[in-house]
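Each of the two complexes below includes subunit A, the first together with subunit B, the second together with subunit C.
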Partner chain A sequence: MNHSIKRGVSLYSYQEEFFLKKMSLEDCIAATAATGATGIEIVGEQSIPGCPNIPSDKFVVQWFEWMDKYNVTPVAHDMFLDYNKKKGHYYTDEEAVESFKKDIRFAHKLGFKIIRVIVNTTPQIMEKVIPYAEDHDIKLGIEVHAPWHINSPWMTRHWEVMEKTGTKHFGFIPDMGGFTKRLAMVQVNRLIRQGADPEIAKFVCEQHEKGVMAEYTIYEVSRMSDRRIDMAVAELSRHNTFANPISLKEHMDRIVHVHGKFYDMTEDFIEPSIPYEDVINVLKDGGYNGYICSEYEGNRHIQDIQEVDSVLQVKRHQQMLVNYGVK
Partner chain B sequence: MGPLDKYILREDALSSNAQGLGLRFQSHWYRALPLSCMDFNLKVNGIPVDEEKVEVEINGKRFPKQKMLELKDEWLFILDQATVHIPMQNPPKKGDICSIEFKLDLYIPYILIGPDQHPLLAGTLVTKNLLCQ
Partner chain C sequence: MIVEDNLKNVVDEGKVSGFQFGARLPYYRGVSLSMLEEIEVSVDGKVLPQDKVHLIVRDNTYNLKQREEELDDRWEMGEVVNLFIEKEEGLPKGKHQLGLKVNIRIGYLPFPAIRNAQKEITIE
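Let's look at the complex of A and B:
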């Protein structure tokens, strides 16, 4: 089937350099463009001062000037629901919907057409907010984030809302972290540096790659060690799950966006923990025509021992996408 | 939390004037949080600071520290700093070095954990000798 998958970058990828003020917001946009990617994704509260409030007119003008200057397009804003902003008080559904609408207005103002909906948003809230998203022509995508997969009961409940409403403005955003075939060594090695037993770590990695259910691995490790740090290694297998990419096939027409999560890119453009080529082939075969946005999340696992180079990591990730036929 | 802890208090974080000390701090969470999701404890030269008198300045506004947990609409952007104003009768002078112990607790409002669904607590203790600016 014909596909027209496009490449983008989540500026979340550059969080290390941005936080350390080595890169400005404009630098992040420029670095994205330099990879040949054409789409921009942001976590609003990370990239834009004042978010979730509507940015000033001056900022909005500046934002679109940058989009023109670097020939890129706003693609997705990642939304969060701060259920517990005030001690002891949890959002009612009405408060959650109001917060969500604020994100919709924010995204709309900056030209984003997609909102990544945080995975713990309930189907009830989705149903209430869909008409507002339709009015603003914003597509909402529930984040299919590990340990959930696209056929998890939680996702099925969201799918039911998509079906029931018949809306074109609600779908799925699979996160590539849900296809973690092999545990990311940057994560494992960080725990070893923090004192985890290398032999136990090796065992956990082997179990994970074999597809052994995480709970069994955790049980086995609890018999080998009573140290918290060793359990933390075992629990990596619970948080970084692998689903067969074929599971996306039946939902292809509901996939509005893809998060290209990655932990470490090798010099020869391979992400060792995630079988990107397999997932991309499923997306291509299914005729997916949205964006895959690079989302580098390795920085936090190496920042204790080396300088993080997010720009290089993203560049390699984008090259990998090109190598797999995403032009 | 991790290697970014050292950026909570920068080397020029402490300042002195006739009214007392000012301590600028930054959150090192990857996403801005409202002040209602933050709390801190502070010792200057080993002595706990009297919370009742402390004020926090954020986004150009000043609030009593005790109101902090109410400030759900005052977001501290990740590149910005908030200032803790500590009134003192005889504050250290510019050029003095003070031992600062600053415990910053971030209550992550969208990561609810455990059977009671409490927000994830990301706490960090920073201890630094800082030169009064």
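Let's look at the complex of A and C:
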């Protein structure tokens, strides 16, 4: 089938440099464009002060000038639903919907066509905001983030809403972290530096790669060690899950966007923990024509021993996408 | 998390009323102040009462109660805010071990997000 998968970058990838003020928002956009990617994704509350309040007119003008200058397009805004924002009070559905609508207006104002819906958002809330998203021509996508997979019970409930409403404005956003076939060594090595037993770590990695259920591995490790840090290694196998990429196939027309999560890119453009080529082949065969946005998340696991170079990591990730046929 | 640049004893009407230092939120996005469940400061291993900690965000100062009720003003990603800690006579001159614990209430996490930092500081 014909595919026209496009490449983008989530500016979340550059968070280390952005946090340390080594890169400005414009620098992040420029770094994205320099990779040849054409799409911009943001975590609004990270990149733009005051989000989800509508930014000033001056900022909005500046934003679109940057889009023109670097020849990139706003693709997705990642929203949150902080239902416990008020201390001791849990949002009513009405409050949650109001909070969500703010994000829709924010995304619309800055030209985004997709909102990444945070995974704790309930199917009931989705049903209530869909008409508003339709009015603003924003596609909503629930993030399928490990340890969830696309057929998890929670995702099935959301799927029911997609079916029931028949809307074109609600679907899934699979995160590549849900295809973690081998545990990310940047994560494992960080725990070893913090005192985890390297032999136990090796055992956990082997069990994970074999596909042994995490609960079994956790139980085995609990018999080998009573140290919390060793359990933390075992628990990596529970949080970083692997689903067969074929599972995306039956949902292809409901996939609105893809998060290209990655932990570490090698010099020869390989992500050792995630079989990207297999996933991309499923997307290509299914005729997926949205974006894959690079989402670098290795930073937090190496910042204690080396300077993080997010720009280089993203560049390699983008080159990998090109190598696998994503133009 | 701990930013030493703004570290000093604070003099109020000729009297030292406490000390302050800069801090960055240990999280990948900004949050409303109401989501800061706890801000705990310790000096040389001794934890100071949380109701003595005031948060200075740009031009506004918030005490514990005001902070908990503040739904709009935000501690943005990477933003250095100042923490002012009421303490008679402030900190004595010399080296101290400064500790900071920040606990953020985050909607999608089923557990509290707690981050700790320690830094050796010098009061001149």
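FYI, the second predicted complex is superposed on the first by the 327 of 327 C-alpha atoms of A that agree within 3 Å, B and C clash if a C-alpha of one lies under 4 Å from a C-alpha of the other, contacts with A are read in each partner's own complex, and residues count from 1 in each chain.
One rule holds in what follows: contacts are C-beta pairs under 8 Å (C-beta built on N, C-alpha and C of every residue); 3 or more make two chains touch, one makes a residue touch a chain.
Owing to the predicted nature of the structure, the values given are computational and were not obtained by experimental measurement.
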Fit-or-clash call for subunit B and subunit C when the two complexes are aligned on subunit A: clash
Subunit B versus subunit C as contact partner of A:Asp278, first or second or both or neither: neither
Which of subunit B and subunit C A:Asp82 touches, first, second, both or neither: both
Which superposed partner A:Gln303 touches (first subunit B, second subunit C, both, neither): first
Partner chain(s) touched by A:Glu220 [first = subunit B, second = subunit C, both, neither]: neither
Contacts of A:Val119 with subunit B and subunit C, given as first, second, both or neither: second
On subunit A, the residue positions that both subunit B and subunit C contact, one per complex: 12, 15, 18-21, 43, 45-46, 49-51, 80-87, 118, 120
List of subunit B residues in touch with subunit A within their complex: 2-4, 7, 28, 30-34, 36-37, 69-70, 72, 75, 77-80, 107, 109-110, 112, 117-119
Subunit C-touching residues of subunit A, taken from the complex the two chains share: 12, 15, 18-21, 43, 45-47, 49-51, 80-87, 118-120
Interfacial residue positions of subunit C with respect to subunit A in the complex: 24, 28-32, 34-35, 37, 68-69, 71, 74, 76-79, 105-108
Subunit A residues within the subunit B interface of the complex: 12, 15, 18-21, 43, 45-46, 49-52, 80-87, 90, 118, 120, 300, 303-304
